[in-house]
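Each structure below appears as structure tokens.
Both of the next two complexes hold chain A, though its partner changes from chain B to chain C.
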Partner chain A sequence: MVAPLRNKVETSRAYWTFVIPAFFLYLLVFAFPIVLSVILSVSNYNGGKLFGGDAWTIVGFQQYEKLINDPNFWMALKNNVYIVLISVFGQIPLGFVLAYLIYRKIVKWGEGWQAILYVPAIISVIVLGMMWKLVFAPNGVLADVMNGMYAETFLTSLKHIVQSAGGLTHVTDDFVKQLMNISNAASLQSFAHPVSDLKDLIVGGGYTDQNLPVFLSDMKNLLAPTWSPDFLNQQDVSMVPIMFVTLWCWTGMYLILFHANMQKIDDQIIEAARIDGASELQVMWNVIVPNLSGVIANAAILCIAGSLNTFALIWAMTEGGPMHITQVLAIYMYQNAFVGHPNFPLANAISLAIVLFSFLLIGVTLYIEKKFGGKQA
Partner chain B sequence: MKRLALVLAMIALIVAGASAADKTVLKFLYYADASAASYSSDMAAFEKFKAANTDIDLQMEILNNAPYHQKLGAYIAAGQLPDVVFLWPTSRDSSALLHDHKLLKDLKTVLPADFLKNFSSLALDPNNQSSHQLSSLPQTFTYTTTVYVNTGLLKSLGLKAPTTYAEMKALVPKLKVKGIKTLLLPDADGWPSQSCLFSTVSGRLLGDSFIDNIKTGKAKWTDKAFVDVLTFWQQMYTDGVLSKDDVSLGYGDGPGLFVSGKAAFFVDGDWRVGNYLTDKATGKALISPALQATDFDLMNFPAIAGELNKNSVSAIAGTGLGINKDATGAKLEAAKRLLTWYYGKENQTMKWETGAFVPSRTDLTSTTLEPLAVKLPAYYKTIAKTTYVIDGATDPSVFNILNAGLQGLGLGAKTPAGVAAEMQAAQNALKK
Partner chain C sequence: MKRNRVLGGVGKGVAYLVMGLFTLMTIYPIVWLVINSFKSTAEYQIDKISLPKEWIFSNYTGAWSLGTFDQLIGNSILYTALASAGSILLAVLAAFAFAKLKHKATGPIYGSFVLGILLSITSLMVPLFLQVSQMDKVIGDILQAFGWMKSEDFHLFYNTRFGMILIYIGAGLPMAVYLCTEYVKSIPDSLVEAARIDGAGYFQIFWRIILPMSTPIATTVAVLTVPNVWNEFALINIIISSMDQKSLPLGILRFSSALSSDYGKQFAALVIGLAPMLIFYIAFRKQITKGVSGGAVKG
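Coming up: the complex of A and B.
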């Protein structure tokens, strides 16, 4: 058995023995970089000792002014807000509900589901990013499936037109016009005179009733409407696939967190609620949620911190492009620090903006938990 | 026995330490594409250099594309620039800092005049470098627009390579009918559109004087003439010559897609020739020498209606090696020896034969060039004039907007006037 500390001096000595190393480590690893970052963000420092020339000096808040006036900063901030929103209001509720379903054994094979849902959280985000990139790319899986369906519809209509015309023997203007009606308008833009040019192409192509499959295949290539995930190139909408993947990737982690904490709730409270006639939904809302409010708040803080740091997944999926529209603050900072013509003071100003933004969100989360939360189990 | 072993081990350590201490450590950040046919020969050559220079401890770090620029940027920020670095002659990516702050020695003062006289005057012109000194010795002169043609594919469809843009546009439906794209231009990385095609288009339609006038304030990016060039760029997508799907394709995807017949034409820099030739280590080639001779060719971008500079192509002094300005004594001597060897006849001939580039060294001969490497000088002969590569002639804050703007035009998400206005705003900010 360990002997208790005997006096105040001994207690104090033990306290400082443990605290001082950790305190210095904190200063070195956390406080020093933050202070340095603040200093650099208001300086004209732009590189290491090799640069020579004028010594760097404090120049004020120029970079912050530049930041505020840069539309790319606001776009990156907005994208970060989207990631925070999908994380806090997507991953946490979904993880909570899934954990509840498993905890209350409402679904079978709960452990199996836990494992399946947790798998994305243990795979490298770069691998996941590359995988989903292949799904959402203009020539990716999703586009292939959609284009396959469009092509089928087009071919059905085209066969009908050919059949009505009595085959390919006489290609008339009317035949071409019918073909144009079912075609992709963009494809016709490469013709100066669509009717005559398309007619020439068909006649000159030597298509006959004997090689109808070739005709059908060629017309499908040339004229079938195509589905392109163009919406992914529009500001705001371009974040949808990234938000979806973010949700898919980390919901399992919160499921595990909530499920582990649900195990600590006294079964008798739930049984009592059930005997009093509470439905599963009421049990979840009135018993489980208040008991886990502290855990939910902590999960929200983890979510916010993770969301503001998000980098690798988006880098693997889009590299912040096209046109910077999927850029988040971390990528915006990285590109200013290490890509192209580096601007280290600006990059430091961005990193401080990330810190301030995260403090703000965490403050809001803690306030909400204090105001409306129950007691932790 | 144990003591004896311990004493022997210590002696061995001391001897090894003394031997290492005699060596001059030379840190070298090199840029190489491991998928290029020249890569294995390149690495083998460096091994030969190491074997022949045992007094130099050559510590090479080899990176490619964005990771190279990011690492060099980080080294510069940390004040740990390697002794010898690979760089671009202008303000492209990480090279900008090397030039802006003159972090490298002027090689005209380092390398002997007798040695430098073997290089073309274009390579030795300090005005071709952002630092206005010979910070690197360009190993080649790079033509950033080269149209690679799958002539075999065209022949099989009864088609011919176009000489005008209108003819190229007319090929679109004829190729699309067989599921083939016309001109492949992967642009997810942002710079290829600007560097590999737009600069040539702009040079053809406006000439270098327009960019010179921008610098002196006599012209603006918002001038109708430049907006018209951006409009033509967008038209190429509307015409189907370029495909908006390619905006999402990575730069590295191009050669494979082109060789597999997904497009009849592929636009890239002349440096891409090296990706198609036979890899000496494996004996494999992306395009076999036989097919290089019969089914593939290089051509100038077709004539554009209303162009001022016919058959002009954007070009720039090529990449090269530079020496850290702080290198002195034995380190400087070692660096000079590395550069003298690197730019030497034997190594540059190897580079030429493996398709890495056509060297700027003028006294080379070879009888073992593969067909596509032979076609490169023939292609150069079709070039009437060179024009600026925009990222070599403008500030990064301006050309970065253009890079993103060209993507936006291709995707239909931006307008020519809007892109021009963004560029002019960045240009105005430079004056402040």
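Coming up: the complex of A and C.
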């Protein structure tokens, strides 16, 4: 069919009419901001009008220098690497193994498990982050449960001590010392002379064998060790709850992804391997993993892109605090742009850094898949 | 055949244990959340685990009015519906051009969309914020220069629903364009050619053939876009500053800071926050699972 000229013009016009709305919005949301961040990151622009406001000029790479010398940047980068690691080496393998259990019908009700495990992935991370904050907070559930356990242990030991002392009739120094051994060190500090003071307290308190429960409960309230979530204020350790929640949120998504793609694999390969005497573990590692290497690489790429941009979950849990120790790159960028004295050039440099890191890690992933990946399913 | 003996008894036991443990860990915190939303704050502080002694519903009414949730949910529905519909319409349009109209620009433009899948608007939030607010300033200056407007404070994109929806449409486009283009490619060329010979214009072909035939992929894009927009936080947090235009997640977060000591209402707010997407998931689980299987979600 010879296309007449009118036809060709019409096709070209239709083509651009169809493409331009989408392409324009795409440029507006992705391309222009990247160009803008390249320019602003080497400028001295700091708020106000870009056009017709205070003059600003290109001043060079000093913001990048500042970035490299800022310990907060390295901390945010390190925290972000933790998130990437738990995502790539936590969510993906875990999702894979769970998918395998369902795929091989090692567990029944596959659809049911899968349906439930995906639930966190669809709910706002703000809601989930706040929920986990209520669990991990110093006055949260975890602290309550731990304190309860500490109190239980304390009571059991105390009962032992009372029993071996033959009741409360003869309170000896030895008894008090044993009590002190199981007590909270911080509570003991409120006594000037713990041994004699405590002895006075117990003898003077009128405790007898008849009201032993009262004695136990008073001692528990006064002296039982308490669980302190102080470790959450430590650098690195404070990332553990966040990493846990990251794993908790997204594993179900990879489960679905891998399970769907496992179903495309020819059953006969697996049966043949099984008849040849391969164990389930061997089948998974030698048959399924190579077959899905392309899918795994894709998952890793999306995983890296997603976890380098993690923001809302951590914002809901800690806002990057205390003292910046749970900051990731996106939060570090936000802080520099919108908190206190804004430094837009620096924030733009961070924005670019995130984009570059994503592409770097994705490049590495593609390289690994090309070099070590098996044949496509 | 040892078909039935996939794993020994012990192996099966371990498998069930692992599966059960993970499922319990997923579901229990959410159940815990719902249970606590019916406790008074005082009761929660004493006992954070057990069922409420007295089931209180006032947490919900209190949280609802305090959080102005009727307005926020209305906004969220507006953002989600228009952004999803917009993404789908523009994506199928572009997909039609990329897949069925031969043009030398397809390579670079389609390629840039695919590359865009790897970009996230979160990482671009600062330049995007600057761009959006500066665009308003430029338009405002022009309007002022012509004397069409007195005040300098002109907003078309920043802090407007219109601007936010445009950004959400743009943010969803790379993935939507990719999925739709791959799908439209599978529609036979002969359908388009036959319609051309019958004298149909490209717009007619789009409305009568391509768009109706793209319903399955449009559904997939919709079920993936809806939770993305509904749950989005980072951008709307900086683009929208007035309370009456914010979305549900921003309203929920307020219960974490200023209102954090009122646990009863906070729990109720969290349940209000998770309910819409949970219902959406229950209603469209099959389609969502299918969409996720394509590997089209960033984690």
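Throughout what follows, the second predicted complex is superposed on the first by the 275 of 377 C-alpha atoms of A that agree within 3 Å, B and C clash if a C-alpha of one lies under 4 Å from a C-alpha of the other, contacts with A are read in each partner's own complex, and residues count from 1 in each chain.
By our rule, contacts are C-beta pairs under 8 Å (C-beta built on N, C-alpha and C of every residue); 3 or more make two chains touch, one makes a residue touch a chain.
Not measured: the values here are computed from a predicted model.
Contacts of A:Tyr64 after superposition: neither chain B nor chain C is touched. When the two complexes are overlaid on their common chain A, residue A:Phe344 makes contact with chain B and with chain C alike. In the superposition on chain A, contact of A:Asn221 is made with chain B only, not with chain C. Judged by the touch definition given at the top, the superposed model places A:Leu308 against chain C, while chain B stays out of reach.
Once chain A of one complex is fitted onto chain A of the other, the partner contacts of A:Gln189 are limited to chain B, with no touch recorded for chain C.
In the superposed pair of complexes, A:Asn233 makes contact with chain B only, with no contact to chain C.
When the two complexes are overlaid on their common chain A, residue A:Ser358 makes contact with chain C while staying clear of chain B. Applying the stated contact rule after C-alpha superposition, one finds that A:Ala14 touches chain C and leaves chain B untouched. The partner that reaches more residues of chain A, of the two candidates chain B and chain C, is C. On chain A, the surface touched by chain B in one complex and the surface touched by chain C in the other have residues 49-52, 337-338, 344 in common. On the side of chain B, the complex with chain A involves touching residues 66, 69-70, 73-74, 76-81, 91, 93-94, 96-97, 101, 103, 169, 172-174, 176-179, 188-190, 238-240, 244-245, 247-249, 324-326, 395-397, 400, 404-405, 407-408, 411-414. Here chain A touches chain B in the complex through residues 47-53, 137-139, 186-187, 189-191, 197-198, 201, 205, 218-219, 221-222, 228, 230, 233-235, 319, 321-324, 337-342, 344, going by the rule given at the top. Those residues of chain C that touch chain A in the shared complex are 2-3, 6-7, 11-12, 15-16, 18-19, 22-23, 25-27, 29-30, 32-33, 48-49, 90-91, 93-94, 96-98, 101-103, 105, 109, 112-113, 116-131, 134, 137-138, 141, 166-167, 169-171, 173-174, 177, 201-203, 206, 227, 230-231, 233-234, 238, 248-249, 252-253, 255-256, 263, 266, 270, 273-274, 277-278, 280-281, 285, 288-290, 292-293, 295, 297-299. Of all residues in chain A, those touching chain C in their complex are 10-12, 14-15, 18-19, 21-23, 25-26, 28-34, 36-37, 40, 49-52, 87, 91, 97-98, 101, 104-107, 113-128, 130-135, 140-141, 144-145, 248-254, 256-257, 259-261, 271, 274, 280, 295, 298-299, 301-303, 305-309, 311-312, 315-316, 329-330, 333-334, 337-338, 344, 347-348, 350-351, 354-355, 358-359, 362.
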